[in-house]
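Chain lettering (A, B, C and D) follows the sequence in which the chains are written, and residue indices restart at 1 in each chain.
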Amino acid sequence: MIDKTVATCAEAVAQVFDGASIMIGGFGDPGVPGRLIEALREHGATNLLVIHNGAGSGDYCLGGLMLDGRVRKLMASFPNPPGAWAFRDRYLKGEVELELVPQGTLIERIRAAGAGLGGFFTPTAAGTELAKGKESRVIDGREYVFEAPLHADFAFIKAYRGDRLGNLCYRKAMRNFNPIMATAGNVVIAEVEQIVAVDELPLEEIHTPGIFVDHLVQVDRHPGLFDPPKKGSAK
Amino acid sequence: MIDKTVATCAEAVAQVFDGASIMIGGFGDPGVPGRLIEALREHGATNLLVIHNGAGSGDYCLGGLMLDGRVRKLMASFPNPPGAWAFRDRYLKGEVELELVPQGTLIERIRAAGAGLGGFFTPTAAGTELAKGKESRVIDGREYVFEAPLHADFAFIKAYRGDRLGNLCYRKAMRNFNPIMATAGNVVIAEVEQIVAVDELPLEEIHTPGIFVDHLVQVDRHPGLFDPPKKGSAK
Amino acid sequence: MTLTREGIAYRVACDLPEGSYVNLGIGIPTLVPGFLPADKEIFIHSENGVLGVGPMSAPGTEDPDLVNASKQYVTLVPGGSVFDHALSFAMIRGGHITHSVIGAIEVAANGDLANWRVPGEKVPGVGGAMDLAFGVRNLYVAMNHVTNKGEPKILNKCTCPLTAPRCVRRIYTDLALIEVTPDGLVLREVAPGLDASAVQAKTEAPLRVAGDCREMIVPAEVNGIKLSA
Amino acid sequence: MTLTREGIAYRVACDLPEGSYVNLGIGIPTLVPGFLPADKEIFIHSENGVLGVGPMSAPGTEDPDLVNASKQYVTLVPGGSVFDHALSFAMIRGGHITHSVIGAIEVAANGDLANWRVPGEKVPGVGGAMDLAFGVRNLYVAMNHVTNKGEPKILNKCTCPLTAPRCVRRIYTDLALIEVTPDGLVLREVAPGLDASAVQAKTEAPLRVAGDCREMIVPAEVNGIKLSA
């Protein structure tokens, strides 16, 4: 019998090695696999390449990984919200490298990797600073930039519910990068709120078929990842 | 109030013009917008470029369009099953052009169009007859072929349920090409089995958000599109 | 008189047609939904995979899995939908989002937009700004006409790094509504009580005054919110 | 003795490990699921967007919206899933499908595969054959060793248009199991009662006989189905 579930986050992240590249799902708080990231902090792997839309927030989860100095390079589209001080401090000291990628290009590069493509041409960034040094090409009168697929050794993702076969359903804006990263990681590890019996997931709501998932672990949401504003201000 | 529903298939296809390019969803029978195609036969537009996985079957729906001599060119991956005699007859007489595209390349070209990309590199067909005359490139030691995005003036798709905003849910293997074609047609027309009130579709089962759909019409399945074998033989 | 930030948002809201799919940037654009007439169905897109973003969640009712692109807890309108990032940016880059309303640091006479890299910013971030600027046909800038120091933001040529070249279609400011045309900037409307020369005085790029240039129709206040001052 | 078509399918089925995701072509490969042990969980992929294809539907129970890639009405196993064509071919091209079992017109000593264009066929069709041949790591061919006319199908060089170069990993036939290696073809198993020279006699390409080459372990019949003849 196939059983991709593991009992603990520690077990789920045990294979991560020094120097590994890791995609981390989520946008803002929804969909961030916070418990897996905390387990990775405990685990100790370092010199990591992290691929994530942002740069973490505060001193926990990805923010904590930054604080601990475990990230050698970040590929992100929006690493500079106010809460990303742990990354900012390291970056300004030159202790972490940043590759800034437009958000749509970031997700498309990840998709290209998962889909076995050799790269694609996107209009985004053509003629701007972020296209410097990149191949460009005029297609049907419009300028495009060549972008390469983006693979990773690991993808840490979060879903709402999953089964032992690795089938996953997301909930609302939790989906974001997660189903795409699930296709592009060499080893895909999912944190889910609930593991259910096979066939309990509604067929038409299985957003990530189990084929893409290697391990999943049931765990509650990291408390730092639900943070309604006290004064109505954006984080 | 937005209301994308129309009362009849005739009304839905009224804008199709001679020489138009039309994507048609479906694989085998599931997901084929048979009633829309029959309405197009009635409508009379001719000299069409049709983009579809197959070439129709029998003398109805796409087979009928072939029989009527209304297709100038077909782009397909598998136009040669036994039932596609109407296409075959025209093709062997030189009355319809065929561009054969590997199935994965066909769907990816359609997706690229819908996603605003300028093209992509795929390994499929590199070094074979189907890559002749195409740009190729070695990326990370592997040969890839450049493929351009594939747009169309119209996309005819089929879904299971929809609402007046154009949100669509599919059912089982009905999905196939439909949600992707919905992103790549200039005018997207959906045939659905049921139009329901807004918010009746389960949120996590909306496979095609309404933004992609221009018109939808409720109609029953064309009887030719459910054809269980009498002797267990494949069609 | 000049428009308040809410007044600029109000004026933009008047121009969004029913059935449009609109992505709103941070700053003034986030105020636009407050001024959309209730009887006009318009869907707000958020690039993190939400179409049909509704009002902010009331305190205590926040859904931990539903935020907008500014990470604010929001609601979903009836008929809204959720999807992954790849489809969300396919909507943007593929030209499906009909309108984008965004802030700007600078706009040039030819429609060049600079809004992603603030001068002096030590850590850069781009988010989805470039995808929107390259992908959305009706790109509307909503901003104050001049900087905090009174310097023009509508220039002959941008000095900051570009978000995208020749992408802006209209500029809505506290002073004016300006259209970007192949022949340069055209002044379409001025704030109540202003004239074209007052707007030109605060604009580096030359403005051609439209034949039918008129005063904006913006009430002084709506529901107790001041639209002009 | 030689294997029947069912015998070839049986032998392939023995080599598919639990947890594999397998795409099956038309012909002999469609017989493979009938020989998978019930206690081994293996998911059958169909390129039209189904993972977990189960047995054919019993007459009268067909679901109009559920067919396999051969357009046959099928069932879905517990834990199966459905998805669109783009994701389905991402599974194939992206290397997620672990095994593909397909028929062949010709296979060459270097693993070249020709299976999409039958000589003399007037209307060509390729379907998903190339995507599978380029995308799936463990590409297994299941076919009769020779043509209807007794001509070898395992050649020094393919004469038909290629589906993909150097893609085949193993060849399962009625006579043998042959592995494709960087050094050419290696004969791993022979059908019960045959020897290596009998297989070589029906093979154009040279076969190296593996040190541990053995007779296939295939029963004469299973559940009344003849596996060898």
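Side notes on the structure shown:
The rule we apply is simple: a contact is a pair of C-beta atoms (placed from the backbone, for glycine too) under 8 Å apart; a residue touches a chain by one contact, two chains touch by 3 or more.
Since we're looking at a predicted model, the values are computed, not measured.
The chains that touch both subunit A and subunit D are B.
Across the two interfaces under comparison, A-C and B-C, the one joined by more C-beta contacts turns out to be A-C. Relative to subunit B, the chain whose mean Cα position lies farthest away is C. Rounded to whole angstrom, the centroid-to-centroid distance between subunit A and subunit B, based on C-alpha atoms, equals 33 Å.
The distance from the centre of subunit B to the centre of subunit D, each centre being the mean of the chain's C-alpha atoms, comes to 29 Å. Per-chain CA centroids place subunit B at a distance of 36 Å from subunit C. Residues of subunit A in contact with at least two other chains: 108, 111, 115-117, 122-123, 171-172, 203-204, 207.
Taken residue by residue, subunit D touches two or more other chains at 76, 82-83, 86, 89, 92-93, 135, whereas all remaining positions touch fewer. By the contact rule set out at the top, the touching chain pairs are A-B, A-C, A-D, B-C, B-D. On the subunit B side of its complex with subunit C, the touching residues are 1-2, 111, 113-117, 163, 165, 167, 183, 198-199, 203-204, 206, 209-212. Those residues of subunit D that touch subunit A in the complex are listed here as 18-19, 21, 39, 41, 43, 45, 51, 76, 78-83, 86-87, 89-97, 135.
Of all the residues in subunit C, the ones that touch subunit A in their complex are 46-50, 56-57, 59-60, 62-67, 69-73, 76, 82-86, 88-89, 92-93, 117, 121-131, 134-135, 161-165. Across the complex, subunit C is touched by residues 27-31, 76-81, 84, 87-88, 91-92, 98, 100-105, 107-108, 111, 122-130, 160, 171-180, 207, 221, 225-226, 228-229, 232, 234-235 of subunit A. Across the complex, subunit B is touched by residues 108, 112, 115-123, 137, 139-140, 142, 144, 148, 169-172, 202-205, 207 of subunit A.
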